[in-house]
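Heads up: the structure comes next, in structure tokens.
Think of it as A, B, C and D in the order they're written, each chain with its own count starting at 1.
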Amino acid sequence: MAELNIEIAGLRLKNPVLTASGTFGYGTEFDDFIEINTLGGIIVKGTTLHPRQGNAYPRMAETPSGMLNAVGLQNGGVKYFCEHIYPKLIGYHTHILVNVSGSTVEEYIACAEQINDLEYITGIELNISCPNVKEGGMAFGTSCPAAESVVDAVRRVYKKHLMVKLSPNVTDIAEIAKSVEGKGADSISLINTILAMAIHAESRKPVLSTITGGLSGPAIKPIALRMVWQVANAVKVPVIGMGGIMNATDAIEFFLAGASAVQVGTANFIDPTITQHIIAGIEDYLERHKFNSIKDIIGCLQL
Amino acid sequence: MAELNIEIAGLRLKNPVLTASGTFGYGTEFDDFIEINTLGGIIVKGTTLHPRQGNAYPRMAETPSGMLNAVGLQNGGVKYFCEHIYPKLIGYHTHILVNVSGSTVEEYIACAEQINDLEYITGIELNISCPNVKEGGMAFGTSCPAAESVVDAVRRVYKKHLMVKLSPNVTDIAEIAKSVEGKGADSISLINTILAMAIHAESRKPVLSTITGGLSGPAIKPIALRMVWQVANAVKVPVIGMGGIMNATDAIEFFLAGASAVQVGTANFIDPTITQHIIAGIEDYLERHKFNSIKDIIGCLQL
Amino acid sequence: MKKTVQDLLVISNRRLNKDHALLVLKSEIPLDGIVPGQFANILVENSQKTFLRRPFSIYQVDYTCNTISILIKAIGEGTKCLSDSIAGQKLSVIFPLGKGFSIPEKKSKALLVGGGVGVAALMILASDLHKAGHQVEILLGARSASDLVELDVFSKYGQVHTTTEDGTLGTRGFVTNHPVFGEDIRSFDKIYTCGPEPMMKAVSKFATTYKIPCEVSLENTMACGYGVCLCCVTQTTDGHKCVCTEGPVFDLNRLKWQN
Amino acid sequence: MKKTVQDLLVISNRRLNKDHALLVLKSEIPLDGIVPGQFANILVENSQKTFLRRPFSIYQVDYTCNTISILIKAIGEGTKCLSDSIAGQKLSVIFPLGKGFSIPEKKSKALLVGGGVGVAALMILASDLHKAGHQVEILLGARSASDLVELDVFSKYGQVHTTTEDGTLGTRGFVTNHPVFGEDIRSFDKIYTCGPEPMMKAVSKFATTYKIPCEVSLENTMACGYGVCLCCVTQTTDGHKCVCTEGPVFDLNRLKWQN
């Protein structure tokens, strides 16, 4: 039996398969389909200091091998999360990280401070990369100084695992990665969605209410893989890869490129049990290729 | 009959459908399949000052709804083009533009100067965006000062239509577009391929000899559409859109986003007659929607 | 019943007319308690142009044979592909999803108004209402007579009225042009509707005017179908709500359709 | 003949064994002068996982019925999907593509060495050589007896030898373990080979040693198939050349296979 467990800067994951923020709700929505505790961890929905209604409908467009979304961080706010959602999650025996977004550094700080106090939340995924809200998010992730400022500020108040999620909408993602590593990120996750657009030719209107949205799914996998490879070669902290992972083979590609763990996003929409197949498939791959542990393939692309 | 002709800063195209560099050879390869003169224009293969062998095999990887290439500008050099290819092209009655690449500003200049003298070449497409050669290309397209320097230099020596082709591998493509417009580009074409990567999980090797390559095809269409829309809103010169156009509907989306013409790339590989269907489909769309001319839909996205 | 994702066996595919097909799908897991108005999210595997699943109302359910059926109108790539399914094939289906229609507690007279393929959401409802002893009238509208399918099946559960835009069957015009929306409309205790949004909005005007309780079934575009992507929202009195989990059936009063 | 892109009608699909299928495809345009070793590039429309066309040797051609046939070994998504084609379906095919094998001017003794599904490139060659009065011997190698198909058809054109890695048919081992590669190899005036690259390299060592003219058919991955993407190159004495236009068949001397 190949070993799937892995440690990500202090987080001991039973396997390297996590679920991506915004694609797995709060986990509870999957109770009918899978045993949540089989997962390496879950990253819950994007959470902000204040409640957000999100963007107007339509928020979704199907594209070739992918989709656009423009949800716009609809959530009840961190207070609602702490009071109403968190109590439902403490029964799970897997890592739960909260994905945190904000429009100002102060909002990020205030949100992180409240999450600090939640015993069973083992980390934050700092979202400096959401393309779907006007005021912020992505702006922090597209320049080194901005990324540094928010990571630095949150690092000062947040004591547990700080994962920083990068935006792919940049010229040089390795530079941004080095910036956030320098300011104390425990790990780096990537990629968030790529800013994109869909037009309905017949009505001559944008498909999304927000005109542009974020592209996810298999279409972006080759781009995500390239970025994970670039970042893994640039930083020392663990890298968590995502972008279009639909099966175990895709996940293996990310490990080879240098990811210590992966997140599964859009694939959950196609098959809510997909994480189970991916975990089993990784184990099968390791055994077929006679590796003892997932650690034996991380970053082991043969050049 | 709806009018398909359009003028792009002095270039009178019989219709707005061109073929993308590197996907249409020198046009002659299509003689068995279509009547080349039905096209609005063709952009021939990437041409450099010196002959190039290109990258080692393998140079191609299939990806979800797309492909990676790492051809690396294999070509006989501009002298070979002028002496051996050009004579075969002068029989065509459509616009022929040469796609020019270089590793230094001097190379771009020397190449452009030689093309200046070719009577039937009505323009240059300046490629500051090729992700597949180490020394250059993309580097010029990913910062405003570098883009300005090469466009400025070529503009001084090249007298005919100067189209500048942008790289999508940037944080803010509208800024780059404004830079090249400022230095005298007659038109702007986008997008070139997106830097990406493919890994063969079973062999644990990169699929391409160059590790990374350029992603093209329908997978990138939503990203291309967003960038065309951003650039069309930022500059006054005509914009030529491309990226994943597979049919007339895709082309219409680009016109609505603000493109005055489109280029068809990877789709040629799937169907060498595709341009004919696209031209017919655009005409059909215009008639169905009672537009007199293609000009009536350019940039007419209803917000 | 619990939501499941299953490969259902296509037992039969009956083509009803040029663009409507009726698929019967067999479940391995015993079916129970499917609520009228619930839906299934089906994967289209044989097409390059579809990536996400496609939602369809559960049209009929047979607890003895353990089958559900789906009425498909082919309008795009996904529906065309699914309506070409052949017996013996398997389809990956997530079901049952969403909150369905409610059956009144006390005996009542109900009007079911369906437009286009929206009629698919109403078949189990008609049957369940009929079984529970309610009086049922069914008004089905379409562009043309050939678009109206399965009228005979509906007629087992109540009186069927029809309208067609071209007048080829029943009253010419839209559903709201039918005489049932005259003075008599007051006689109904409940209206249920599913169809194109403009139609449902027209129907709901009558419901509001005559204060008749009304449930509408929405067809927002969906990515997941079970409440995790937040793409399918509709604006309600209580903010954005997911159509796939809080709906597709909503009490009219919860929707912000007044203006 | 000129290259065309056409929707060819699937006339029949005969399954030869668990993973080999033989498709017969009918052309509207009259076929003429297809050269042995030329190929066709076929679109896989019913699969989400394929985007580019898939190249296949033209296995047989029937100028009377105006059909070509294609021998497919299902190894991945594209080949699986195509080998499930059904009669009556249409496939979009670009053909004939590439430069094929050359037939010697003067009467000669030729050895055709095929490995795996590479044998598909050799059928028309065997037939044409035989027709032109050359003496033909055919050596076909595979992993196991069940992977060797259509031996009886080949045997119409010349003596057939076989090797299998597991010894289930013919000589045990690789093609180059066959006795034909002993002293007798000198008796051949020409070698033609198509199959996995290591096999072809092993064969070409003999050709080089014994100075026997040799033509090899390469199977590089392709995007377009007709010379415009420059993805399929192989290194030749004359630099990078496209396998799809300058090949797939190359004279061994043009390839840089020596070391």
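Convention: a residue touches a chain if its C-beta (ideal position, glycine included) is under 8 Å from a C-beta of that chain, and two chains touch if they have at least 3 such contacts.
Just so you know, these numbers come straight off a predicted model, no measurement behind them.
Common neighbours of subunit C and subunit D (chains touching each): not present. Ranked by distance of CA centroids from subunit C, the top chain is D.
Rounded to whole angstrom units, the spacing between the C-alpha centres of subunit A and subunit D is 47. Rounded to whole angstrom units, the spacing between the C-alpha centres of subunit B and subunit D is 36. For subunit B, the set of residues touching two or more other chains reads 63-66, 217-218.
Subunit D has residues 48, 50-51 in contact with two or more other chains.
If you sketch which chains touch which, the chains form one closed loop in which each chain touches exactly two neighbours.
According to the touch criterion at the top of this document, the contacting chain pairs are A-B, A-C, B-D, C-D. Taken in their complex, subunit A has these residues touching subunit C: 22-25, 29-30, 32-33, 53-54, 56-60, 62-67, 69, 71, 74, 217-218, 266, 268-273.
If you check the complex, the residues on subunit B that touch subunit A are 61, 63-66, 68, 142-143, 169-172, 194-199, 201, 203-206, 211-212, 215, 217-223, 225-226, 229, 244, 249, 252-253, 256-257, 285, 297, 300-303.
Within the complex, the subunit D residues that touch subunit C are 45-48, 50-51. Residues 2-5, 43, 49-53, 92, 94, 220-235, 239-240 of subunit C are the ones that touch subunit A when the two sit in their complex.
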